[in-house]
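Structure record follows, encoded as C-alpha cells.
Labels for the chains are A, B and C, by order of writing; each one numbers its residues from 1.
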Amino acid sequence: MTFVIQLMSGLAVGCIYGLVAIGFSMIYRAMGLVNFAQADIMMIGAFLGYAILVAAPGIPFWLAIIGAMLGAALLGFVIERVAIRPSVARRADQVYLVLLTLGIGIVLSNGARLIWGADPVVYPTGLTHQTLTLAGYPLPAVYLYIAVVMPALLVGLHLFFTRTWLGLALRAAADDPDTAATMGVRPALATSVSFALASAIGAAAGVLYAPISYVSFDMGVIGVKAFAAAVVGTLGSIPGAVLGGFIIGLGETFGGQLIATEYQDSIAFAIMIGILLLKPTGLLSGARR
Amino acid sequence: MVRGLTARRSGFGVLLAAALPLLATPAFAKEIKIGFICPLSGAVAVYGNDSLEAAKVALDEIAKSKMLGEHTIKLVTADTGGNPSQAAQAVQRMIDADEVHAVFGGCTSPETAAAIEITEAAKVPLLSHLAQDTSLTQKGNKYFARIAQTAKTFSSSAAQWVLESRKAKSVYILARNDNYGQSLADAFEEKSKELGVTVAGRVAYEPNGREFKPILAKMAEAKPDFVSILGFYTDTGLIMKQMGELQIAIPTFANTSPAIRQFREIAGPAANGAYGALYYFAGSIDTARGKEFTANWQAKYKRQPTQYEGMGYDGIYVLADAIRRASAAGKLTSEGIRDALLTTKGFEGATGTITIQPNGDVVRPLPFVQLTGDELKLDFLMK
Amino acid sequence: MESKSPAALALTGIEAGYVAGVPVLSGVDLEVREGEVVTLLGRNGAGKSTAIRVICGLLKPNAGRVELHGERIDGLEPAAIVGRGIAVVPEGRRVFGSLSVEENLLMGGFAHRRGIAPKLDLDAIYTSFPRLVERRTQLAGTLSGGEQQMVAMGRALMAKPRVLLLDEPSMGLAPMLIDAVFDMISTLAGKGLTILLVEQNASEALDVADRAYVLERGRIRREGPAERLLSDPEIRASYLGVG
C-alpha cells in the first residue's frame, strides 16, 4: 500500500518536473540560454487556468489546459521578442542573460501577486478534491489527467519535431541558424516560436499541478528541481528532461522516506550531483535527442 | 444649494462639539498618544486591518465611558507592511516625532521583535496582541508585554487538550521544518510525553513541500489516534487534502488553520472535522463582558468579530486599563504605564480574563474549535 | 561576344566587411551566366566565403549590388533569397548534426514546403547519392566527412536552385573523395545547372569551370576563361604550385 502510493506520488511529481524541464531544454537548445523564468511561466500558466475556470465555470478541464497553453505561448513569444531578443542580439554575456531571465521570473511572480493576490487560490472545479480508487488504491482524480496529458504531449512533441515543417525548421535553426536561414528558415522567428512552445508546455505543467496543490505566486520555486531534472537528463534533450524528471521525482520521494523527509530537497540535488560526477554531461548526452 | 447649506451647518456643529470639551477641560487633562503598528497592506494585511478596526471601536467606547477621567487617548497609526525594518522605522518615528507614551501592536513576531529593539532602548512600553514567538519574552525585555499566548503555550495546551478532551492515546506529529514548526512540535511532544500520550511518530516536512502523500501513507501505517499538524495554513491545508485523497480518517489538529478561509479551500471536503486553536473565538467567553462584546459587535457589523478583532479590542482595553491605573498612582509616564501593564491581573476582557506575568507573557483562556461543514464550532475552552 | 540577356548572377562593385571601416571585399565585380560554371579562386582570407555570405544575404554589403537574373537581391533576407532560386553548400558542410540524413535533405526543400515536392525530390537525391539511402535515419553529425559533403550537396539540390553556390566543397576531404565531389559538380554542370564554385584547390576547380576569377585581399585580380588561367604562368606559380 505505502509503496504503491509513494510510487504514484513520485511519478506524478516527476511528470511535473519533467514538463518544466522540457521547457528548460527546448529553450537551451533553441538559443543556448538557460531560461530561469521557465518555472514562473509555469506559475502564470497555472493562474491562467484558474482565470479560465473562474470566468467560465463548468468548462471542461482539458479546455482550461489548452487555454492556458495558448495564453502562455503568447506571453512567451512576447517575452522573447521584448526582453530577451534585444540582449541576445547585442551579444550580451551569458551571466547577464541568466540574470535577465531571473529578473523576468521575479517580474512575472510579482505581476501574478498584483493580479491574483498574495493568498493562494484553489481551482474552482470538482477535480481539485475528487478522488478515485484504482485497484484498491486511493488516488487523486487529477492523476488520470496527468497520465493522459503527459504521454499525449510527449507524442505530440515528437510528431511535431519530426513530422512537421515547423518542427523540423525549429530543430535545424537550433542546430545552425545561419545555414537554416539559407534554406528559408527565419531563425529569429524560430527562437520566438521555440520560446512560445516551451512556455505552453510549462503552462500545461502548471495547470496539471494546480489541482494537486494550490496556485500561488511563489510556486515557481519548483523550478530549481526541474532544472536539476533537465541537467540530469542532459540540458537540451527532451527525452532526457522527462527521464530526469522521473529520476528526481522518484528519487526525492523514496529518498525522503528512506533517509528523512526534512532532507527531501537536498536529496534531489544530491542525486543531481551524484549523476553529474559519474556523467558530467548528463545521462542522455551523445544519445539521439 | 440646500445641500451645501446643510453640509456647512453640520460642519459647524461638529466644530462646536469638538470645541466644547476643550473649554471644559481642567488644566491637568492629558492627551495620551499611543502608537499603533500593524501590517495594513501586503500579504498579512488582514491581521492589521481587523486589529485597527477593533482598536477604534474600543477607543470610542473608552472615550464615551470616561474610563480615563479627563484624559484622552490619541492613536498614531503606521503601516508596517509586515516588514520588520519598516516596523522599526515607524516605531522610531513615533517615539521621536510624536512622542508616544506607549506603542501597541506588532502582529507578526518578526515585526514585533524589530519594534522591541526600538522601544526597549527608548524605554517605551510595547503591548503586542498577536505576536507568539516564545523567545520574545525570554530575552529579559523590560518594556514588552503581550496578550497572545506564546507558541509554546499554544502547542502544549493543544497537546493537553488532545488528551483531556479527545482521549487520545497516541498522536502523530507532522511539523513544518522551520523554527516555527519545530518549536511548536517540541512543545507538543514534550507535553504529550508528560501526560503519557504515545508519540507514534514525528515528521519534519519541507516548508516548500507540496506532496505529502508518501509521508501520510507511512503515517497511516502507525495507526495513531490523533494527528497534529503544526505549520502554516498552506501546509496544513494540503496535508489534510492529501489525507482525504488517501482516505485517511484520523481526527486531526491543524494548528490555527481551521479559522482561515484559504485553509478550507485548499483542503476542500477533507477539512471537515478538523480541529484548531484560535487566539479568540467569538461566543466562547460566557462572562458578561464577553457576551456584551459579541452582542455589540453583532449589532454594529451584523456579524461576529474575528479573532484579530477580538484581540485588537482587548489589547487596547488592557493598555487603557494600565493607563488608568498609572494615572491613579500619579505616574502617567511611559514608565508608569509599563509598571501598570506588567501588573495587569484578572482583567475582565472580551476575550477572557487576562493576567500579565512579570516577564510580559499572558495567562488567558484558549479556545479549541472544530470545523463542521463550513462553520467553526467551539470544542473546548481551556482556561 | 557578350550576350545581351542579364547574367544569372551578377555582383557589381561589392564592398563588404564585418567591422566598420575594415572592408573584406572592395569593388568586387563578378558574373555567372546561365548554365555556366564559374570558379572563384583565392587563398585563405582572400574574402571568398564573404562573397558567398553576401550572395546568400547572410551579410549585407556596404556598397554595390547583387542581381539574380537582373533582379536586385542584396538587402533581402536569406529566406527570401533561397526562395528566388539560390542554394548554397556552405563551407565546412554545416550539416544539421542532430537531424537525420533524410531530415537534412528535407530541410533543403524547406522553401518548397507548401507542396509535396520535397518528399518526391528525395528519390532523385537518393539516386544521385545512393550511399545516403542506407544512412537515411542516421544522425548527420555521425557521418564521415565525405558522406556529410554528399548530404550538404543533396540538401542544396533539394531547393531546386537556379544558381548553386559551392563554398570549398573539397576542403578536408581525402583525395579520392575530392575527385568524387568534382565528378558530381561536372555532372550537375552537364545538366545545365548554373554554378559558382569557391575553391582553394585551383587545378581541380579550373578543370570543371568555364571561367574563373582570382580574389586577392578582397579584390578581383584576374579573370578569364578557365583554360587561359590554367596556362597562365603567374597563376600556375601562385595557385597551382607549379612553374
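Here is the rule we go by: contacts are C-beta pairs under 8 Å (C-beta built on N, C-alpha and C of every residue); 3 or more make two chains touch, one makes a residue touch a chain.
Note that the structure is a prediction, hence the values are computed from the model and not measured.
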Per Cα centroids, the chain farthest from subunit C: B
Centre-most chain by CA centroid is A
Distance from subunit C to subunit B - Cα centre to Cα centre, in angstrom: 80
Centroid of subunit A to centroid of subunit C, CA atoms only: how many Å? 42
Taking each chain's mean CA coordinate, subunit A and subunit B are separated, in whole Å, by 41
Subunit A touches which residues of subunit C in the complex? 56-58, 77-79, 81-83, 87-88, 90, 94, 96-99, 103, 106-108, 110-111, 113, 139, 155, 159
If you look only at subunit B, which of its residues touch subunit A in the complex? 42-43, 177, 203-206, 208-211, 213-215, 217-218, 220-221, 234, 237-238, 241-242, 244-247, 262, 265-266, 268-270
Subunit B contact footprint on subunit A (complex, rising order): 1-2, 5-6, 8-10, 12-13, 118-122, 128-129, 131, 138-140, 212-214, 216, 221-222, 253-254, 256-257, 260-262, 264-265
What residues on subunit A touch subunit C, complex-wise? 162, 165, 168-169, 171-172, 174-176, 178-186, 288-289
